[in-house]
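Labels A, B, C and D are assigned to the chains in the order they are written; within every chain, residues are numbered from 1.
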Amino acid sequence: MKKKLIIDVDTGVDDAMAIMVALANPDVEILGITCCHGNTPLENVLKNTLRVLKVCDRLDIPVYRGCSKPLLARKQHAGDYHGKDGLGDVPDPDAPGLDLLQKKNAVQAMIKLVKDNAGEVILVATAPLTNLAVAVQLDPSLPKKLKALYIMGGNTESRGNTTVCGEFNFVADPEAAYIVLDRYTCPTYMATWEFTCRNSLPWSFCDTWLAESTLKADFMKKISSLSRMKEITAGTGFNSCDVYALAAAIDDTLITESEEVAVAVELEGTYTRGMMVVDYIQKLKKDHKAIIMKKVDLEKLKQMLTNALK
Amino acid sequence: MKKKLIIDVDTGVDDAMAIMVALANPDVEILGITCCHGNTPLENVLKNTLRVLKVCDRLDIPVYRGCSKPLLARKQHAGDYHGKDGLGDVPDPDAPGLDLLQKKNAVQAMIKLVKDNAGEVILVATAPLTNLAVAVQLDPSLPKKLKALYIMGGNTESRGNTTVCGEFNFVADPEAAYIVLDRYTCPTYMATWEFTCRNSLPWSFCDTWLAESTLKADFMKKISSLSRMKEITAGTGFNSCDVYALAAAIDDTLITESEEVAVAVELEGTYTRGMMVVDYIQKLKKDHKAIIMKKVDLEKLKQMLTNALK
Amino acid sequence: MKKKLIIDVDTGVDDAMAIMVALANPDVEILGITCCHGNTPLENVLKNTLRVLKVCDRLDIPVYRGCSKPLLARKQHAGDYHGKDGLGDVPDPDAPGLDLLQKKNAVQAMIKLVKDNAGEVILVATAPLTNLAVAVQLDPSLPKKLKALYIMGGNTESRGNTTVCGEFNFVADPEAAYIVLDRYTCPTYMATWEFTCRNSLPWSFCDTWLAESTLKADFMKKISSLSRMKEITAGTGFNSCDVYALAAAIDDTLITESEEVAVAVELEGTYTRGMMVVDYIQKLKKDHKAIIMKKVDLEKLKQMLTNALK
Amino acid sequence: MKKKLIIDVDTGVDDAMAIMVALANPDVEILGITCCHGNTPLENVLKNTLRVLKVCDRLDIPVYRGCSKPLLARKQHAGDYHGKDGLGDVPDPDAPGLDLLQKKNAVQAMIKLVKDNAGEVILVATAPLTNLAVAVQLDPSLPKKLKALYIMGGNTESRGNTTVCGEFNFVADPEAAYIVLDRYTCPTYMATWEFTCRNSLPWSFCDTWLAESTLKADFMKKISSLSRMKEITAGTGFNSCDVYALAAAIDDTLITESEEVAVAVELEGTYTRGMMVVDYIQKLKKDHKAIIMKKVDLEKLKQMLTNALK
């Protein structure tokens, strides 16, 4: 049986890669893509998601409009990294129109799809967790109907990429992150910022990867040009954060080391608001533990990325 | 044309009175009653609401199941005041069953009812504001389709009834209160804790009022027995908080004095979490102002209460 | 026996009036004046205090240099109200030099003076409470050696004058205010912002008062010119905040109504940091209660002010 | 010239070791030992410090009484680790009496000693930072007169030992830690919790070390028995936290790897209050950077410990 996925995105460059990795895998069925504010305003996220599906000739996959704002925080976009339009500022004049979107709201769609496929859906979240937080508020039974939840977000050692101690997806909606880590008691796998940084791919792979002469490779080369330049300057290797969460969700053998720890999200700190708190000394008195990814099989990851552009 | 109301309740004794006041007014049409956690767990709120409608012979009014938990806070019930079942601990063996509830969720019903009656609906909220917060997150266009919003909740002078500085409905879900005061930019009328305390009715009225020999008066006498005893001890007069918000919503002339001020909700304080912040010195830089009730025409209020038990 | 006072000031216009009221009273002995940052930087506070003493021909009173910064907060001055120099921007070319200051630090002087006059000293604080907080940290036995503490600061109904909910002296060093209200378990009298506003003097009195042709009246007229103009515009009457605390300290019959309540200071709020929390519903579980002034005998206050300029 | 040290302690077992390491070094002159609340109540800290000096026959070194409480937090002792008396619960019937203490307060002594030896004093702080915070508040010029400051405290990767994310010395007085990291702009070296954990000594060394048949070794064996048992169970190696700060202060070559980063302390978090914040991405806009120790020359450390018990 195919793995049934719902992907919750704020399409960005790495969300795009994640979607393409999923589409390339014959054993994966994408039940729907739910869109959330994040890297770029929701309207761009919707457009970008449709552009990715078009390049992959898979506009049959339903795309849903979700939350345009975080629960409390002001909107905060990562525009300088992913480009103003969230996808490298290389517009496509023939981009598909938003009339292709589903009528149902992303949150309601998520609830219905999970209910109709109870016990089978893997939810992969590569955006701020607003949609997931609203969904569990509307339907508290949602988490126990999920097979698993994979999240790109949070951090483990107080290294921030957006605030001193905070990772973008969590800082963009800390309350949503708190709610999700508190109420999604299904198996929960976390690809945190430190994890993705430590498992980045060498730039040499990236060069080879993008050198393929396929439509998909062309597209990826174009949309990632801006962010690659920034990362090369930063010298941290090729770190496509969202891909780790997606890849782990579709291949159980990808993660070679992980640890189970209770986690929470700091909501009140001056410096630490949005920081993920990892409870190594059992102070939170939480039964549910998250599975925090530590190491990845890089060769398998490379293969998945390579397949994605074929 | 009749006034179209949606009432969002956590039925409680004073919510019950508010519903009965609304039902007694021939110029009011109740489009639906949406239920929220609060005074008592959601299951009780649902049962209590149906019991009130049964006593009034109005089980035709649709009742919806809403949020069972606040966005972040732990559940907090006012059970010692309203009784363990939220309605004075005088169970009805013939209470209507929950099969009478609508299938649609309260939040979705609220969105749909407001959409179908755009510009005409007055939303009266006498519970923690969780349902309203989730609704605006799902449909950001909801507030501008409302005619007005009436809220029982918050405080103006840092006098708490639940925490040192916090009123019950706001403390029970501070994030929801924050979201509602931030995003519901429709005309917003506030019946705060200090306002209701200062406009309480004399106990002598209460005695006369409950002495009527009608089914409704019997019901009210029974369910309010516990809370009246507590209030008499406290010596503060008969303060049926939720009734003020409802009564103001159905009679524009009830409020004889009010002020327009920008407001917000404190989310982070040790002592003040959930406290309503009133911006008398224009520091919040907020355009939207709430209309804070100051004085009520007590004779009119008495008449409305009297009618409610006839 | 004379009343022995230590006055802790951030001389401003109303601190100046308070000092002059004290000097005019034959039954008061000022053991020392300790200076603190506040309305204006500490260097100005020191200069201003000496100027007041010079006008009153009382440079024999020891003046001490205290804390130049709040414990944690950034410096915050009320310069637009009291003038840039804290005393109405009417410099005195013959102002006494800072060489007249005592060598001992204000905090150490406070500890020593109280120790040497155990049980007899009334401490009047009309500035941010930094000096008092550091003193109790150095000598935890200080409060129980005091006869009484009079504070101008805080608020009772969340009406701020500096932030939405915060009064200047408390907001200028919230941690110090918290420490003082927590550890000074001696009789503690509070002249809060709301209290001073509600007991302001009519402008007509102020005109008569300043019309005296004495050196002191001339001085007061000059230094208060700027702030009087601002207050007249604001329309709130003549409110010389610090004078209430001082006057209450030297005449036990001045305050005609007060209430005893436990109080604390909010340290963490977004809107409420520095707000005084008044525990009307016994949630703080605090034994020690502050005496909050409610009403003042205005005729007595006028007489004291009049005497001060003679 | 000898290195002039002031050691600020809350003598526990590892403070005792640190003092003994300092005493054993012929190139070190201890100007004074200032005592602070912390591992155990201040009275115990004072007694324990004198006991250590007595075993080393150095009761000539002045010991000062400092702050008995943190600035704001409730007292919090590490009694279960260091024993109820802070020194392994092996009382000495002939312990020296508190009459041997200096009359001057620790904070004032610190200010005077640093002033009298301007530019020469290395301050080593192995306790909550309350004394240092009060000192800089009393004398803002203190830090620039120091040669260097060595601190055992804080954490770098949000690993707590007392709260989820907080190290004991910082959590015991977060405001003091904040003030010290903010205002001590002298060279500041940090031995953090993660650093000491990663540079612990093998238990085999510890066995040999304590097997010496000297009075000092006997003393150390006795007082450390309780904590060694706990650590062995925890399996983390022999980690005498305070010794790292002291040893680094007296031998510049001990630390073989370190990094300079701006740091701060979180004061408001629910989970993170007291956590040290390390600014790897330059969000704090702070000029002053702390020098965070990363690796230690273990052989040198062993030698210093060995010398200490000779």
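Basically, contacts are C-beta pairs under 8 Å (C-beta built on N, C-alpha and C of every residue); 3 or more make two chains touch, one makes a residue touch a chain.
Quantities reported herein were computed from a predicted structural model and do not represent experimental measurements.
Under the contact definition, chain A and chain B share no contacting chain. Here the C-alpha atoms of chain A line up with those of chain D after a rotation of 180°, rounded in steps of 5. Interface note: chain B and chain C, two copies of one sequence, contact each other through mostly matching residue numbers (shared numbers exceed half of all numbers used). Chain C has its Cα centroid 44 Å from the Cα centroid of chain B.
Chain A and chain C have Cα centroids separated by 56 Å.
Between chain C and chain D, the centres computed from C-alpha atoms are 40 Å apart. Contact with two or more other chains is made by residues 267-268 of chain B. Remark: the chains found to touch one another pair up as A-B, A-D, B-C, C-D.
Touching chain C in their complex are the following residues of chain B: 156-161, 163-165, 264, 266-273, 275, 277-281, 283-284. The touching residues of chain D, counted against chain C in their complex, run 67-69, 71-72, 105, 107-108, 130, 133-134, 137-140, 175, 178-179, 267-268.
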